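Inspection log for the structure reproduced underneath, given as structure tokens.
Going in written order, the chains are labelled A, B, C and D, and every chain counts its residues from 1.
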Amino acid sequence: MKSIAADPASLRPAPPWTMSEWLNADAPVTLESLRGRVVVAFAFQMLCPGCIHESIPQARRVQETFGGGGVATIGLHTVFEHHAAMRPVSLRAFAHENRLTFPIGVDAYDGDDPAPLTMSAYRMQGTPTLLLIDRRGRLRRQRFGHVPDLALGAEIMALIGEAG
Amino acid sequence: MKSIAADPASLRPAPPWTMSEWLNADAPVTLESLRGRVVVAFAFQMLCPGCIHESIPQARRVQETFGGGGVATIGLHTVFEHHAAMRPVSLRAFAHENRLTFPIGVDAYDGDDPAPLTMSAYRMQGTPTLLLIDRRGRLRRQRFGHVPDLALGAEIMALIGEAG
Amino acid sequence: MKSIAADPASLRPAPPWTMSEWLNADAPVTLESLRGRVVVAFAFQMLCPGCIHESIPQARRVQETFGGGGVATIGLHTVFEHHAAMRPVSLRAFAHENRLTFPIGVDAYDGDDPAPLTMSAYRMQGTPTLLLIDRRGRLRRQRFGHVPDLALGAEIMALIGEAG
Amino acid sequence: MKSIAADPASLRPAPPWTMSEWLNADAPVTLESLRGRVVVAFAFQMLCPGCIHESIPQARRVQETFGGGGVATIGLHTVFEHHAAMRPVSLRAFAHENRLTFPIGVDAYDGDDPAPLTMSAYRMQGTPTLLLIDRRGRLRRQRFGHVPDLALGAEIMALIGEAG
């Protein structure tokens, strides 16, 4: 496994999230509000088979395993295709049926691009995409596709072990 | 395994299907049009976790294993909850993303009952529900929940072995 | 799925089994003693990963699904490599730990060939190998490797449906 | 997840290993020879179903994910039942067939106790049992049963992050 450690000078802050709404949250979740916590964010589409079969179950395991004050599990619904099929009304039923209780943001559009704003800001290649953000709000890992649990557990713990 | 055989005199014809539209079909699929073939029909909802993780993959395996003239694999989208979340536009994206190529009917409503018409006619208890219909159009098995592949393969073959 | 049916005239009787001992059986199990029943026999080696992960669990499912008078589930321990590692004392512990209750024959040697006698008589290519024998003692299917449950269930039922 | 951190003063050194032989190693592997590395040791029996289906595949994933200088993956064959069934000759074939390349020690007996010496020294309750030993040779985690990958990855990384 490659170390998650990198030249601290080269680390860039995670781009802000631009969401049109949030599920499972009383107020919009911002990177500022998560400062001091390790953030494990799963960008997904509710009809993407890889997301349904691998990413969402993994998000639930992360929440169960690391839930508590220090680690925040977040979903980002980054729809870039079949927009009419995956509106928030469908996402809410999806979250309900799968008993997802972590906050899920709905990535916003500006109307010109099929890819939503946050997805574009992070230059994601597709879904699922995993983001790991450290306690200081810096993007430490971005990965398109599936990350095995063993490696993900290690990467989360590496960030937990860093000073806030 | 219990035998699928039963007193032929007690067998009732399968109730007709009342669908508002069909995917993956040039024309509405009726029980009459399927006469002479063994019908394996999977009633499902696209956001029902048991359907996504067990029933739909099994439908694909049935189509692959028994595909051809003698056996028809059919999906029936019997939405009885979260109606706004699972409209045909979402179902079409679901079918596309999961590469489903068998005909899928959208069970119709009359506006008063949350359960759609075909679901009610069969008195289904929920989703997933499996229907096995013989070459003569008679309902031979109706099962709520998951049927293991080994038993399902046997039941399909028992119906294949019967005279048309 | 290809039909298991074949020109009856071309069907050959299954070669006899030559076993040095039997587990889970009061007396040696012969093809003659199984006449009138459909026989599903799993040739395996207890240290073959494909056998452990696929074939043996499938044998248990066959026994559970079709157990009863009409179908016999049988194991054949056809060791052709690592002989000292898979002696009957080890096989017995394997069967105990995996709670196997169907009869298991230990394929016999004549001392010159690493492959045991029954394996050679059937010209098996390796393990796992599935044998399907009809009620009249004729070998109807021999397959090296894994047969999916759906197809296996259908093939067993096709043989059940034949006259004894 | 509970922290693996504990009062350092209470940490005890891992009891020495007493093995009668080693597979996949040129010389006996001792805790002293592993000092400076994080040790992930899987105590197993080659015929224990939970070991075969969960623990051994996990050991392979640990080796693949963390392989390299800093983490040592070790197998400990702690046979406490069916002794004649799981002799080293069988274990070697098991390791060969499953392509295990990490060192595996054969826990030794003194002849009076069915449980072998190392198993007794650690007071293990059964198999599989996971041991995590830190760079300084101290036993930091002992767990009977399965540890999910996400938690195990985190615990290994916590130990990697500690000073040697």
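Heads up, the rule we're going with is that a contact is a pair of C-beta atoms (placed from the backbone, for glycine too) under 8 Å apart; a residue touches a chain by one contact, two chains touch by 3 or more.
It should be emphasised that the depicted structure is a prediction, and the values quoted were computed from it without experimental measurement.
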Contact distance in steps, from subunit A to subunit C: 2
Geometric centre distance via CA averages, subunit D-subunit B, whole Å: 50
Whole-Å separation of chain centres (CA-atom averages), subunit B against subunit C: 35
Per-residue overlap in subunit B, given as positions that touch at least 2 other chains: none
Contact graph of the chains (line, ring, star, complete, other): ring
Subunit C residues within the subunit D interface of the complex: 47-49, 52-53, 82, 84-86, 89-90, 92-94, 96-98
Sites on subunit B touched by subunit C in the complex: 1, 58, 61-62, 65-66, 148-158, 160-161
